[in-house]
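Next come two complexes built around chain A: one with chain B, the other with chain C.
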Partner chain A sequence: MTYHNLLFVLAAFFAVWAVMARKLLTSAIMLALVSVTVSLIFFDFGAPWAGVFELSVCAGLITVLFIGGVSLIRTEEEKRPEGRARFYALPLALAAFAIAAWFYLPPFFEELAGAKVLVSGGGTIGAALWGLRRPDLLGQVLMLAAGVFVIKSVFPRRTEK
Partner chain B sequence: MDKGLLAYLLIPLLSAVIIPFAARRRALLADILANVTLLAGLANIAWLALRPSVIQGGFADIPGDGFSLLLVGAVYLVALCVTFFSAWFMPEGQPNRAAYYSLLLVSVSAMTGVVTSTDFFTLYVFIEVLAVTSFALITTDESAGGIEGALKYFFLTFPASALIIVGVAVMLLSLGSLSFESLRIAMSAEAPAAAVTFSAALILLGFLIKSGVVPFHTWTPDAYQGAYAPVSAHLAGIVTKISGVYAIIKLATLLRFFDGRAQALSEMLMFLGMLSIAVGALAALRQTDFKRMLAFSSISQVGYIVLAAGLGTPLAVMGAVFHLINHATFKTVLFLNSASVEKATGTTDMDKLGGLEHSMPWTSWTSVVALLSTAGVPPLSGFWSKLLIILALWEAGLRGYAVMALLFSIVTLAYFMMMQKKVFFGKKGQAAESSAEVSAPLLAPAVLMCGIIVALGLLFPYFYTYVKVVAERIIL
Partner chain C sequence: MSAFAMDWYLIALVIFTGFYCMLASRSIVRQLIGLELISKGAMLTVISAGHQTSNLVLAQALLITMIVIEVVVVAAGLALLVKNFRIHGTADIWKLDGLKG
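Up next is the complex of A and B:
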């Protein structure tokens, strides 16, 4: 139970950080971390496939696309800083939500943990990721390499100009 | 995943990572490393498939289904031609030179991943890697046309990715597995579940968009025309064939089109194939830009492969596989030649060109070989693949399609002859006066590919044995 709560808090924390971050790049990375924690929650509820796909598609592919996109517009973004005053209300809203969650979320997780027993064919993260979906990991490595090279290919030209 | 071919994926990836570090002090090392990696891979594939003992044994010792190895060979061959050409084509001191080669090698790794994967989700992941690398490669010279082409490529192929991932999700829900094998077993059953066929149809639709088949072809001419010149050859020669057409052939065999398990899908695919042949050829007749005309020709030739894949009989699959390889060879020659013409004259507008044969004889005559092969003139390789496709259609009782396929082959010859006349033959245009033949290294890839076109045509019996082994292994 503590593990679930910790993951949930982490997911919420990263999500808020993604919204609050000043730099778009930090937002994209935080969004990827939200996906990682959500996929860990999936794994723990005995849904390794959902976890693996969340990890592959959201934390892997989408993040590379976001980071690539952010890198392309970074110079424009730095020129025009955004008015961010209204986002400072977010921690206040989050505090109110945390107090409500303290009362309501534990029973919700208990119910979910009960559903876990009904699900068959679960497995450990290692088994799902390494045993079942190993080729996808290779695809992820390739995607990360592609993302780095896309940035390296686009940046020198922009900085020269 | 076919583990026997894993090295062909990992080694280019390793080189791609090393290149930026190695080329930090000497930019030339990027060219050398990329070319050596691809040449070594190609030599290794040639040793696996073409050593005398393997040929004498009727290619029975070929690892895996033989199809993957054949396609990995085609990927390495086209990529080697493109990297070799780029080494001399790219201006010295281009800031993103190392990243360009790294992206090319990552795209080779991704294509190897696509053809060796045995699972729909893995296939999707590698195809997305290919989309990201293609997007960056198209914009290499950052011209306005390149950026427009890249954006069109991205936005029009994005719905395709969405369809594929939805199809994958429906397949996981209905079939409980994503492996090719489980789809094959499900389709062999007496009454395959409708949801399974539906999911396969969604995936098929996604791949049809990715391969630029009519009516999903709008991104193709802009992407090919706007792309950095050697990248057009890479995209048209192999990338769209692997990211779209390969998957269509694979699905056609998995869905057992040959025994009518998914009759409606099979008929729809054949109709779209025929439509592509017709629309591509008729549109190519009206083009005035060299690269744009080649792009429409590419749409038309992909139509032949899709038509054969839709029919799905062993002979048709053999024709589709052979035409896919042939398309990689002749389209690479034609696109590389268009790049040479662009470098020599500064334009690809056919109305401004003319009489280039006198100043660029090698480029002119390699174009003639490639265009004759595309039109299906014997004894070049394109003749045999088109013959197999037309025979398969005739044998299946689809005589209307067979006659149409033959007629549009004549239209293909017509628009290519017009192109040859406008660009190379006839009166010397203004551009031809001041231009000279490109250097020998820029000609070498086109000459090599022409050699392969002639060799595949003349040594057809050997290649037929290989393709027959492939068709038997992937269908039965």
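Up next is the complex of A and C:
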């Protein structure tokens, strides 16, 4: 097994662990490990910018957000834990899916790979972001503003009467 | 099997795990974790497709947009979790409709 495939297998393994973990804190940490593995895959593909963003934002910021949320509800979660039977069935369901998909999905993916159109992928990430995808940047700014607005509307300032 | 098909096969397993998590759990945190896993699978497909068509630069530009959107979605979801927990004292997603009004 190559390093590349090993990273994909590790990502799937950590994903299963994140879903099956009894404690939500363990789930959040496993999700961070999935992010780290995915960023290593990006580096392996030769996409360092995506890898850096994934590592800093997804493995860093989102994990902090998750751990903050989990620490708030931890006492309630320990008092009334969810039923575990459905989570213990995950490996079985995943194995059934993996076996069924082994026969049907790879031929479809081979067909997809055969239909690829090679394009000139030259240039730098800066040129792509500021030249080709400038409307995306505007969309990102608007999306961040929408996020701030959501937080503000969910937690309105209390007015004393 | 080509490397591309093998990569996408393993990505399909990650996405299936995310869907299963969203279906099996009623906790808002686990719903968001499932959503994150599906999102990771989608990101991997974008980069893999970019690598396949020798257009990694554009794929990375798209991916940065996806990451920003993902952060905002998770932050909004966790804000709803905190609000729901303050009102109902639970992280049950079925109680979210109590926030309407």
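We adopt the following convention: the second predicted complex is superposed on the first by the 94 of 161 C-alpha atoms of A that agree within 3 Å, B and C clash if a C-alpha of one lies under 4 Å from a C-alpha of the other, contacts with A are read in each partner's own complex, and residues count from 1 in each chain.
The working rule: a residue touches a chain if its C-beta (ideal position, glycine included) is under 8 Å from a C-beta of that chain, and two chains touch if they have at least 3 such contacts.
The model shown is predicted, which means the values in this text are computed figures rather than measured ones.
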| item | value |
| --- | --- |
| Partner chain in contact with A:28 - chain B first, chain C second, else both or neither | second |
| Touching partner for A:135 - first (chain B), second (chain C), both, neither | first |
| Greater chain A contact set [chain C / chain B] | C |
| Partner chain in contact with A:5 - chain B first, chain C second, else both or neither | second |
| Which of chain B and chain C A:65 touches, first, second, both or neither | both |
| Partner chain(s) touched by A:146 [first = chain B, second = chain C, both, neither] | both |
| Chain B/chain C common contact set on chain A | 49, 53, 57, 61, 65, 68, 133, 136, 139-140, 143, 146-147, 150, 154 |
| Touching residues (chain side chain C, partner chain A) in the complex | 1-14, 16-18, 20-21, 24-27, 29-30, 32-34, 36-37, 40, 43-44, 47-48, 50-65, 67-72, 74-76, 78-83, 85, 89-91 |
| Chain B to chain A touching residues, read off their complex | 1, 9, 13, 16-17, 20, 95-96, 98-100, 102-103, 106, 109-110, 113, 117, 119, 121-122, 125-126, 128-129, 132-133, 135-136, 139-140, 142, 165, 172 |
| Complex contact set, residues of chain A against chain B | 49, 53, 56-57, 60-61, 64-65, 68, 133-136, 138-143, 145-147, 149-150, 152-154, 156-157, 160 |
| Contact footprint of chain C on chain A as seen in their complex | 4-5, 8-9, 11-12, 15-16, 18-19, 24, 27-28, 31, 34-35, 38, 41-42, 45-47, 49-50, 53-54, 57-58, 61-62, 65-66, 68-70, 72-73, 76-77, 80, 82, 86-87, 89-90, 93-94, 97-98, 101-102, 105-106, 109-110, 112-113, 116-119, 121-125, 127-129, 132-133, 136, 139-140, 143-144, 146-147, 150-151, 154-155 |
